[in-house]
Structures are given as structure tokens and as C-alpha cells.
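Residue numbering begins at 1 within each chain, and the chains themselves are lettered A, B, C, D, E and F in the order written.
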Amino acid sequence: MSKLKPIEYADASAEVRAVFDDIKTSRNLQDVNNFWKYLAHDPKTLRRTWESVKEVMEPGAIDGVTKEMIYLAVSVSNGCGYCIASHTAAARKAGMTDAMFGEVMAVVGMANETNRLVNGYRVPIDPSLDR
Amino acid sequence: MSKLKPIEYADASAEVRAVFDDIKTSRNLQDVNNFWKYLAHDPKTLRRTWESVKEVMEPGAIDGVTKEMIYLAVSVSNGCGYCIASHTAAARKAGMTDAMFGEVMAVVGMANETNRLVNGYRVPIDPSLDR
Amino acid sequence: MSKLKPIEYADASAEVRAVFDDIKTSRNLQDVNNFWKYLAHDPKTLRRTWESVKEVMEPGAIDGVTKEMIYLAVSVSNGCGYCIASHTAAARKAGMTDAMFGEVMAVVGMANETNRLVNGYRVPIDPSLDR
Amino acid sequence: MSKLKPIEYADASAEVRAVFDDIKTSRNLQDVNNFWKYLAHDPKTLRRTWESVKEVMEPGAIDGVTKEMIYLAVSVSNGCGYCIASHTAAARKAGMTDAMFGEVMAVVGMANETNRLVNGYRVPIDPSLDR
Amino acid sequence: MSKLKPIEYADASAEVRAVFDDIKTSRNLQDVNNFWKYLAHDPKTLRRTWESVKEVMEPGAIDGVTKEMIYLAVSVSNGCGYCIASHTAAARKAGMTDAMFGEVMAVVGMANETNRLVNGYRVPIDPSLDR
Amino acid sequence: MSKLKPIEYADASAEVRAVFDDIKTSRNLQDVNNFWKYLAHDPKTLRRTWESVKEVMEPGAIDGVTKEMIYLAVSVSNGCGYCIASHTAAARKAGMTDAMFGEVMAVVGMANETNRLVNGYRVPIDPSLDR
């Protein structure tokens, strides 16, 4: 048996509960998502990942919905089904409309297309772009 | 000899010049980038790609700088050197500051990290995220 | 109808059975995994892949569990669900503990993150690293 | 110092020379490409890779130029600069014209675009496609 | 609720129906695939994607089945499950036999293997390949 | 001008110097690598990335050289040139021999090949592997 099961709050260690509590408070949630319940198998990675995500995703020079749309765009490009589901939900919660979702997808699609055209045509960087 | 050379305006067909002219006018440029000069070897792909990029990248429900940052994020994730150079330049021209660039990179980094943690832990989608 | 079905031992050609027998003997298994039952549709690829995997995965300068963890790390990075399941099982069988699994995931996550930070910041190789 | 140097024929072991000789004979070449000169650091991988490539790339149900174009398409999609250079050359030698190259690139571009649109829109497989 | 549902013909706008009609006529189908029913949420992307796919995939210097096999090869390399299902079906409809499918897979496998060997050994491009 | 330059110690803020000092002390170096000099443009990401890398890469259930080989394997798979150079050097410093390097590459190559064979043949997970 090698497939892990989620660790629920009731079964979690004090160290894990402390992270779960911070996630629930910071995001105003009743319960944490499966992602955190699985990472709980490695409390150090759970804590480090949560602290990193919290720091990176808080609004700064870029607002929250834009950060979520960038996260979603990368997840779509990488084909991570869970991440697409969770960051679509997060982006919508932060204000992404249907029209904005459609435009994110369109940009992701074009970027993936032109990235490969550039590779295949072996386009050298214009001197004006390389400084 | 199998490596293509860029096609300059002076050597381009009328069909290619028409696209180059539209790029220069739309973006207020003196000359087009190498990307277009290489695609010019296939006028149909040149035209189709330019028309698609023009349609996708024009501000709509999402503004221009956000679209460029998403394009950049995908290109960084895919490791396309030319695309990173050209879309960093385009995003800066559209208003991306140093602080915004740093935050885009931080989000791209975290998304790539957590996408793999999700894969490795085989996290199932929460029912609340799958509807 | 274009989706292939697994080829079971009872229905396999002599050529395919010879490979299945070698897999079962080498790995001390009752039956081969689905991967081999699908590759059996192309006996040349079945044989070549099995012989390559057998040669590559046998302990050498690197021991068996480390090889399986590297295989798993790449599969996680590529997001291949089947491969993650089968190589997690193989790595555990070879001795990977829960703590080791957690550390493999942590390294895979960090590598994916920093690979993209390097791309985005366009970091040139230090002369000391390039020789 | 950790960067390997190519192993030239004059400095190669008998085992490596045997592979180099077979490559030169099979492909009617004066010298082998850098790829093989680097793999020569691991004679087992050199031999296994050459034998696999030779078996896979020989014309069968699919002709040689089509196989090279598929190899090129994958290499472009993965962004492997060396592989793009060497398989563009190989495909041209096998008969790929400028027009065919352009169409390969166009297909690779569209596939990469639509692969991501499918991911982002979370499109379920049509029952008619799943059997 | 953030997961989109397919848009059926009966519920589609005139703009979407026009694209659906063109897909059905061009491909001689009773109904369009889920891919188009999901893209219908963004009529501009639906139209642009269909027109691009139609232009790119029509036989030209490369015939239809070869184009479908290249599309499939890229989709397999990228791990897009839906795209693998739909382009396997399309390639078979265009004439791909079981033997041809096996050879496409074998080439895709080898390309992905050697692309990484090249990366890891840091193989420089041979001057003869770089012109 | 949009390409960043490395930030040298002499020009760094106190916040950046503190991280540089910790890197140099922890790894017994005269100077930090370019990676850190570029990340220094975003002190928060510099600090977070360093602390994460330090925590993840310290020997635990898995020893240091194995962790570096996994990091290298992922970087090779992703095609990050800088990362391949720096983690090859780090792995060698930690004890990776030429023979071990060759075996890491062989495993990375096979994993990338079989990951795609699995995708293309649409191999379902064996029930015995899914628990």
C-alpha cells in the first residue's frame, strides 16, 4: 500500500493543526483543501509551502486576482488537474469573471503556440531585446 | 544547410509586407522583431499568428499589462528564452515595474512547485472544487 | 474504436509471452503490470523497452532505491499519473520510507520552482560552473 | 571541473569505436555527431541508445521522413535546441521541403495551443472517443 | 461553482451555431466534440481556434494522416488525455493503422529520451548542423 | 532596457548581504553564484528561496548526494541549462562520480520515454498500484 490518505484535523499532530488553523483563519475557511491534508504527511513541507504561498500570494505590486490568474495560467500550461480546479475557484473568488477566464485561456493558448514556433524556427534574440 | 535566415522587409513578398506593415502600424514600431521575420518563411502561418496575437492581446476584460504578464509567466514556465526576452520587454513597455516582475516570477515559481507536490501526493480534487 | 485493450498472457503471442516471462522471473511477480500488457500491441517496442528498463534499473554505481526515486521524481515532474503510481510502489518495495518519499517530493518541488526562477531572471552560467 | 568533453574516435575504446563504426556505416557518414561523442562517456547508454534509435527510425509502417518530422515535432515542443538542429537536418536529408517544415511547425503550434485550452476548460472525453 | 458545462447546439447563440455548423459540414459530423462545446463559452476563441485548426490541418505539402500523427505525437508528449483520445481517433479515421500507431509511439518515446540525454550531457551543436 | 544585471555584494543592501553571508557560510564559498545575485533584485524571494533550499537540501532521510542527483534529474528533464550546470557541479562536489552521473542520465532518459508510452497507450492504473 503506497497511496497516502488525507490527514484530517481530528487526526493531525499539534504541528499540523497549527498550520491548518492559520490557513483557515487567513482564508476564512471552515476546513482546508485536500492539498494541505496530503502535505500534512510531511509537516516541514506543509509549513514551508503554506508560509511561501501565503507570502507570495498576498496582494503587493500586483493585486490578488491577477496573481491567481497567473497561478492558474501556469497550472493550465503544466496540465495539473487539481491545481486548475483549485486556482480557477480561487481566481473566481478573487473576482475573475467568465470573460476574464476566457481571456486568460486565450493568452495561455497563444503563448504555448508561439513558444514552440520560436523553438522550431530557432529565432535568435533581437539585440534590442537582450539588454 | 537547414537553418533559416530572417526575411527582411526589402526582400519580402507583398503578402509578407502587408503583415509587417500592420504589425508596425499597430505597435508603432520602426521594424518588426525577428520572430515575424522568421515566420515570414510561411506567409500563412505569419498572417494567422499575427491576427491571432493581435486579437488575443488587445485589452478586453483583462488589461494589456496583465495579459503580457500572463504571456511572460507561461513563457518562463516553458523555458522559451526568446519569448521571455520579448515578453519581458513588452510587459515593461505596458507598465510592468521591477516590483511587479519580481512578483510574477515568485508566483510562477510557487505554481511550478505546488503543481508537482500535487502530482506526487496524488491529491484528489475536493468535491467543492469540482463543480 | 481506437482505444487499445490490455493483452493478457493467455492471449499473447509466443514473442510477447517470452518478454512477460522474463519480467515475471526478473521481478518475481505473478503477473505483469498493465504497462507491459498495453505495450504488447507492439512486440518490438515491448521487448526493446523491457530490455532497456532492465539494463538501466539494475543496481550499479547507484543502488536500486535511489534509481527508483529518480524515476519517480521525473514522473512527478512530468505529471504522468500511471508512472507516479507504479514507481512509488516500486520505490517503496525497494526501501523508500514515508520520510524518504516526503524528501523526494520536497526536492522535486524546489527544483521545479528554481528552474523557473532561473529562466525568468535569465541567469547566465557562472564561468566556474561552465567547465 | 564537471563539464564533459566529446570523445573523438581516436581516443575511444574498442567498445565505443564499434558503435561509432556502425553509426557511420548505417548512415553513410564520415564522423558521428556530438551527441554520440558525449554519450561515449557511458558506453552502455551509447550502445543501447544507438540500437534503439536505429530500430525505431528505420522505415516500417511509417516512412523515414515522416518519422524524422515526428521526432522534430516532439523536440520543438520540448525546446531541445540541439535536437531541433539535428532532426531538422535529418528530416531535410530525408526529404522534408521548406513547405513541409512550415506545416510541421504550424501543427506543433496548434497542438500546443489546443492542449492547453483543453486543460483549462477541463473538457471531459466524449464517450465516442473513449472506446 | 466554477466548472463550466458544455454548450449544446440548442442552447447556443447564432455566432456559436455558425461555427458548429461549419465544423459539422467540414468534417461530416452529426454533432461537434466536447472541445468545441466548451470553447463556445468564449465565441471569439471558438471561432479563431476552429479557423486556425481548419487551415492548419487541411492537407497541403503534408497529407492529412501525417498531420494527425504529428498532432497526436505532441499531445502524447504533453500528456493531454483528451487530446490523445481525440487525435488518436482522428488519425485512425484518416488512415493510421495499428502498426503506424505503434511506430508513432516508439518515435515519441525515443525523442523524449534523447532530448533529455542531450540536456544532461550538455551537448553543443555541431557546426555542420548550425547553418 | 529590461534585462537585469547581477547584484554584487558590494552593491547589495543589508538585507541581501545577510542572505549572501548565510549562503557563503553554510556552503563554505568565497562568493555566491549568479542565481542568488539575480534573485537579489527581489529580497523577499531571495530570502524565501534560500531558506527553502537550505531546509530541503540538508541531509535527512535521504543523503546529500542523492538529493543533488534528484535535483539534477528534474533540471535535466525540464531543460534548464543553468540548473543543469550548477546541480551537476553540486552533485559532483557531494560525491557523484562519472559512473553515477551516467546512471542518473540513463534513468532520466528512460523515465521520459516510458512516461510518454504510458500517455500514448492510455494505460489505466492497475488496481494493485492504486491503493
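The rule we apply is simple: contacts are C-beta pairs under 8 Å (C-beta built on N, C-alpha and C of every residue); 3 or more make two chains touch, one makes a residue touch a chain.
From a predicted model like this one, the values you see are computed outputs, not experimental measurements.
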Completion exercise
The chain whose C-alpha centroid lies farthest from that of subunit F is chain E
Handout entry: Most widely separated chain from subunit A, with each centre as the mean of CA atoms
Key = D
Handout entry: Averaged-CA centre spacing for the pair subunit E and subunit C, given as whole angstrom
Key = 27
Completion exercise
So, in whole Å, the Cα centroid of subunit A is separated from that of subunit B by 21
Problem - Multi-chain contact sites of subunit B, meaning residues that touch two or more partners - result: 2-3, 41, 44-45, 49, 52, 56, 77-81, 85, 89, 99, 102-106, 108-110, 112-115, 117, 119, 121-122, 129-130
Handout entry: Residue ranges of subunit F touching subunit E (in the complex, touch as defined)
Key = 72, 76-77, 79, 81, 84-85, 104-105, 108-110, 112-117, 119-122
Fill in the blank from the handout: Touching subunit B in the complex, subunit E uses residues 1-3, 44, 48, 52, 55-56, 129-131
Practice task
Report the residues of subunit D in contact with subunit E in the complex, numbered from low to high.
Solution key: 3-4, 33-35, 38-39, 41, 45, 49, 52-53, 56-57, 60-62, 66-67, 69-71, 73-75, 77-78, 80-83, 85-87, 89, 97, 99-100, 102-104, 106-115, 117-119, 121-126, 128-130
Fill in the blank from the handout: Seen from subunit C, its contact residues with subunit A in the complex are 79, 85, 88-89, 92, 98-99, 102-103, 105-106, 109
Problem - Contacting residues of subunit D [partner subunit F, same complex] - result: 2-3, 41-42, 44-45, 49, 78-80
